[in-house]
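For reference, the structures are reproduced in the following blocks.
Both complexes shown next keep chain A, but they swap its partner, so chain B is in the first and chain C is in the second.
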Partner chain A sequence: MADPTTAVRAAGGPRTFAWNPALVVGLVMLGVIAIVAIVAPLTMSGQATGIGGTPNLGSAPEHPLGTDTLGRDMLARTLVASQATVLMAAIATGLSAAAGIAFGVAVWLAPRRIREIGLRAIEFAVSYPTMLVAIIVAAILGQGVVQVVIAIAVANIAGFARLTANLAAKIASSEYVSTARLMGVPAHRIALRHVLPNMAEPTLILIAGAFSGALVEISGLSFIGLGAQTPAFDWGTLLNDGLSKIAVNPVVILGPAVALTFTSLAALLVGDGLAAAANPRSNTTRARLERIEGEPAVQDADAVLVADGITVRHGVTGRTLVDDVSFSIRRGEVLGIVGESGSGKSVTASVVGRLLGEGLSASARRLQLGGTDLLGRVPERTLAEKMAFVYQDPGTALNPALILGIQLSDVLRIRLRHSRRGAFGILLAGFRAVKLTDPEGRLRQYPHQLSGGMKQRAMIASAMSVKPELLIADEPTTALDVTVQREVLTLLKRLNEESGTAVLFISHDLGVVRALCDRVLVMKDGRIVERIDDVRSLSQETVTHPYTKQLLAATPVVSVPVAADQDEVTA
Partner chain B sequence: MSTTSTETPSAPGPGAPLEPGAPRAASLAGAWRRFLLRRAGGLVVNLALLVLVTFLIVQLIPGDPATAIAGENATLAQVELVRTQLGLDQPVIVQLGQYLLGVVQGDFGDSFRYRVPSLDVVGAAVPYTMTITVVSVVLLLVIGIALGMAVGVATRGDRRRWLDLVFTGVAGVISSVPTYVFATGLVVVFAVTLRILPPAYSPAYDFGTAAILPIAALTIGGACSVARIVRRETAVILEQDYMRTARGWRLPALSLYAKHMLPNLLTTALTLAGIILTALLGSALITEAVFAWPGLGGVIVQAIAIDKDYPVIRAAVFVIGLISLVITLVIDIVLGLLDPRTLGEQRG
Partner chain C sequence: MSASMVRVEGLDVRYGSAHVLRDVSFELAAGRTVGVVGESGSGKSTLAKVLVGTAPIASGSVEVDGVDVASADRAALRTYRRRIQMIPQDPFSSLSPRRTIGQTLAEAIDPVRARVTEHEERIGGWLERVGLQADMLHRYPHEFSGGQRQRIAIARGLIIDPHFVIADEITSALDVSVQAQILELLAEIKASLGLTMMFISHNLAVVQRVSDEVIVLFQGEVVESGPVERIYADPQHWYTRRLLEADPGSAGFSLAG
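Now for the complex of A and B:
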């Protein structure tokens, strides 16, 4: 069932940069830090380094954060140290970003052999803690401000290289790059024109994270004595000095601790904000289904399903997606709904199935399934045993992390109260009925071990295992190969005839629908534009709406002769 | 018809008799065998590279390594002593050969300071670091996943906006606090102000009591980072088709989230855990300094900053690297157990 919110968002115009509170607050915080880092050393360095004050003061009016062992004001020292700290982190981040991106692009542009080796080297480097790499560099180069910046820069190169190589590989396989290649654009121009610009967003997010990481790591190295050495000082050394006085004068650690957290938080907010801007969240409302009063449009005494006046609106925009759609399905009948994507056919099915997507609100005059009013409160168990679903893409509709036996038997065990053995027995019988080979073995398999057609047959077996009164099949063949499509259609037809289960069959393909269904509804823009009751004699002459005529003209004739297929299935 | 649709990615399990003409469901034994072989090969290559890196630590010291290691005030005799101890007076290829021979026997040379095999010095510190790291990782994964999942489910589809705001704010701030700052803060609150926990490690305190604050420092920030990621991932998974399938089966909330969502979440969470764990190992090296914790961090800092004890540095780097490699391998095996699709990936 297609997600209408994406369609609405796409209709909202070209993508614009979405400013959000996190990004604004983060940038403002970074701005404050930058100003402090520039101004503080110019105005406060006397207070920060001048010796002669009262040592080891607690919080006092003239020294709100106390003084250190040499009587220097900790507030001034913290503010002055922001220049060294932020500059070191920024330079380290800049160096690693430049080197990492260059390496990543080079690896991607290199011949296949070298690329493989380069990628392996990156994987090797990122599997170690950055701190270990930094310590190795510190062990080689010794301690000091320059060394620690180089150490952290080297340690973070691999992260940038990996992101760049991954993104480049993704973009390189994209259509616009293959087009450019086909047109003979040289590799370095592809990199410059197409690859780099499209990497900007994720790279900026990584830079924000790397800056915060570099800040914490550099200060950490200074904190343990591998970074800035006296008389140079940064937040890490201040924190280390404070630690020795922690028992007597804990206020002195407040300055560097708050400064580190504040800056790190600013980078985190900017990163979050950039990510949110790249992928804006739309407001949604909860799905609602309510009854409206009105003259019934459907009178059908022996129908299994009666759907009268289904209307669906988008919760936020109020756009009507389905407009007053009414139909009924009799026992053993297959009703097809056909229409292009966005016509509202899947949304209609989701209302009938009580699986309406978030952000939609639906109403109907009457929605009744075999004597149960679906507009009222219905026990989950009743829903579970009265209707079942087959979805469009069996590759995504099955849970990749669970074996088939577990996920397909859950409804039998939990909702229909069968024992584990009983449920497996029913499922096995179902697997045999849909002609899955080695049914016992399939129970123990994960979905990825089966082909698409087999997955869809397992799905159908599971759907039929509850003996539903209504089977809702939402484009069950669209994601399958043409030959497999035919098998699945044949199977659905056979199960429908054998069990008498009514089927609501959704498709965009009139050819498929006319081969399977007893009656067909044609939907366009949320309305039913044509009701075809006699599918067998369907032709240009028997339909009235121009859209149906168009559909019909574009459809080759497919026939599923039932008797012949029975043979084919058992062959 | 039945034969056209069998597309089994791995070989049938051993001992499964094949009936002719009837394809059987494949087992995962073959995939596991290939995975373990590939990872074993990767481990050997990584170990070799690690040994090479530790060897190069001394070789790459700018200028004359022996002079640099002996220190500015060293006499010529002391410099020459360092030179012979590290074998720097011999051709590089001979040095490498001797180094390799030693490493294979677990010999990284004697510590300059302690006059005992450097691996022993490092080995004594390993349990201390591993205790706090492993306990923290288990705690932060459990807390982070539970919290992230709970918030993710509670705020799905824009429900409970206030919870969303509170969580985003609190978790963001806490995960921004560097672990060593957090550790210092914990010492101030629980050891200095409340006086209920020891401020630092000392043989006088009970080991368990002394470990509480280091573990808390490493866990809380990390748990918030994990919760932030898990929460986002929860939102993504709730939108997946297979979750709609589960809702279509009308499964109750417990089954829906604990059985159908959690395994998929764990795949992401564990992939992440590998990165977090190695990062945590790095944080632990620094955080140990706050608590005077007698782990690898103290050993390596002392060796680099004060003693220039290169045999110990080499052994420590090797051991920390080895721990990272083993952690990555263990996590990939657990991932394979949870989600066999990851077995086929070209990793490591």
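Now for the complex of A and C:
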């Protein structure tokens, strides 16, 4: 297999679990609570329930948290109550999670009409405050532990249902679920095999948060007298009992108050810890760009951009992604870098653009753009004036909530201090230059109102609006149809010729690169394997490296010549 | 079985006020491959949905493998869908990240039980058939490259010996060199199994490598159709010519603005 396995390994799959302090501390705290909840009722229930001690004691050596009105030790009562309280919260959370998740997932596997009704029902249900619903349900069911647990469970179902419905929405529209449906996999098996496992992480985080909430809510209900009834007790009832004596003996509410806070904090820490562990970016280091000394490999006095000895390593694994890559670009020149995923072509471009990804460390002997040393401190304004970018997917590069005029004139307004009117004027001229239809109207349109090709034209207009010395275009046509690709390439070529802006063009398609670029670098495994200076006569005979030959052979080409008289249809 | 695998006549599809397919007619003989070419919005993916019975048919008749797709009831559609297969576009989202390759392929064989152990030999055989190794069945999708994943998706599509296969832009998310390998694999499997296939792509050069016939779709209409040799040598419709010229490797390609 010649497929570049390593580069995509990190993407999209289950990741190695990243332990973090919050998670460890939270789990240890939960462990302590669990042990207390099991051990305390077995060993301390005598002290906790035995009447006959001195009532209403303050803090004393034998009763560190005092005694209640019947002379029972508050420390023992608090510790013994942990079992009932934690169990009630856990059962309530478990019930609401089970019901809510089942509902949220089922809604997305149901036929469309039922789904619409279900989603509206969820929205309706979440609009009521949880605690209000819990009190109403508890009031209907009456007092008691079971009733309170059911009330809290019912009140939290809607929250679970809404969040899991949101998670399930994304998974249910994925290709693996639609494929499974087409293959005839029954809906409940799709839920168990595909939907639930793929939302496990966020659901766990949600459950941890919900447990913390349920704990407080249950204690709240017990506090107002709906929950555990004498002689049963939980932290809520202990708080309630202590409240009447708070003025004379404040220490008695300390136990249940601290216990509640401690347990709630433990659950939240676990939730935060899980969230951080699930986020691949939480453990990466900041990107670094350093200068290293050495014999320069590039001598080019006329160059707009000199990149000498770019090397990029992964900060944690130390794996080399780009290995000593050197090149220069002259004014008005289009330099192509071609290679497949994992070849290091985009990482190289990101070093030039000083947009290195987190967790990577880069070095170079020299990195100079039109007299500015990019390895040192560069004012943002200088960077904004000299360099601009066009990305692969104009759909994701644009913010769907902002009109084009605002977001595409960001650099002009914020970095180059143009007034809004001035910036719009420059952008408008750009829109005209890239031949967008209705350029004035486009300024006030949202991205979704434009086709993919139109968006990319608008992006190019924005990039060129600062009159940069270098335009970095990273696979700008890969997401586009062939006919639109041709139009965008034509546009880039024309802008390059008219403005003299140098272009660094990244692509996996040698056919595209050959059509646009003056010179081409072929990258493989982080190294430049071939430099093609004469692109016009590029063929199997003129290239030397076997990889270049392989790329050239792989490039899809229509094999029957076309009548040449139909040249100008696009303009 | 009749010699004709797919027969579509006067097909119209509308989504609300949008007329997505207009009066589409074509026929595909068993054992042949038809390439469907067009840009985003041309209706080519909708055509695929019609053939697997997931798009509403406004009018016209669609008959695939002897089944009238327009009038088939749910039960008939369910058995019908076991005989046709769709290979999806994106190798990164078409495999469930939390299921091993073996589990994914076992589900294709037996959607209800999906036991890997019952079909291990068959799964291993197909993994080798698409250029992977039989013992990879315990691995998860993230351990494979994009090209390898697309090989797995192809194995999933073919493992139940479907009568008709629809490949929807299956190489457009891949690098050119990987794309070439996948096209080679498809051509080889097609020749050895005598597959009947619909190959959907926006790239004429890619379509040419695997197809016997071509349908060119433009704004929901078939503007040109016929054998590959004829279409590429002598395109009649301006839109077909424009598509051909947009190929960077074609003789007519130029960036003259």
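Here is the rule we go by: the second predicted complex is superposed on the first by the 415 of 571 C-alpha atoms of A that agree within 3 Å, B and C clash if a C-alpha of one lies under 4 Å from a C-alpha of the other, contacts with A are read in each partner's own complex, and residues count from 1 in each chain.
By our rule, a contact is a pair of C-beta atoms (placed from the backbone, for glycine too) under 8 Å apart; a residue touches a chain by one contact, two chains touch by 3 or more.
This structure is a prediction, so every number in the text was calculated from the model and none was measured.
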A:516 contacts which: chain B (first), chain C (second), both, neither? second
Kindly classify A:185 by the partners it touches after superposition: chain B alone (first), chain C alone (second), both, or neither? second
In the superposed arrangement, which partner chain does A:128 touch: chain B (first), chain C (second), both, or neither? first
For A:224, select first, second, both or neither according to whether it touches chain B, chain C, the two together, or no partner. first
Pick one for A:157: touches chain B only (first), chain C only (second), both, or neither. neither
Check whether A:427 is in contact with chain B, with chain C, with both or with neither, and answer first, second, both or neither. neither
Touch test for A:454: chain B only (first), chain C only (second), both, or neither? first
Between chain B and chain C, whom does A:483 touch in the aligned arrangement: first, second, both, or neither? both
Which chain A residues come up in both lists, the one for chain B and the one for chain C? 1, 451, 483-484, 568-569, 571
Help me check something: in the complex, which residues belonging to chain C touch chain A? 39-41, 52, 54, 78, 81-82, 86, 88-90, 92-99, 103-104, 107-108, 111-112, 114, 131-132, 140-148, 156, 175-181, 183, 202-206, 208-209, 229, 232-233, 235, 238, 241-257
With touch defined as at the start, can you tell me which chain A residues reach chain B in the complex? 1, 123-124, 127-132, 135-136, 138-143, 212, 216-217, 219-221, 223-226, 239-240, 242-243, 246-247, 250, 253, 256-257, 260-261, 264-265, 268-269, 272, 283-287, 353, 355, 358-359, 380-381, 383-384, 388-389, 391, 393, 396-402, 406-407, 410-411, 414-415, 435-438, 440-442, 444-446, 448-451, 453-454, 457, 483-484, 487, 568-569, 571
For chain B, which residues are in contact with chain A within the complex? 1-2, 4-10, 22-28, 46, 49, 53, 57, 60-62, 68, 156-159, 172-173, 175-178, 180-181, 184-185, 187-188, 192-193, 199, 240-242, 244-252, 255, 259-260, 263-264, 266-267, 274, 278-279, 281-283, 285-286, 289-290, 297, 300-301, 304-305, 310, 313, 317, 320-321, 324-325, 328, 338-341, 347-348
Contacting residues of chain A [partner chain C, same complex]: 1-5, 7-14, 174-180, 182-186, 189, 193-194, 197-198, 200, 340-341, 451-452, 481-486, 489-491, 493-494, 508-512, 514-516, 550-551, 553-564, 566-571
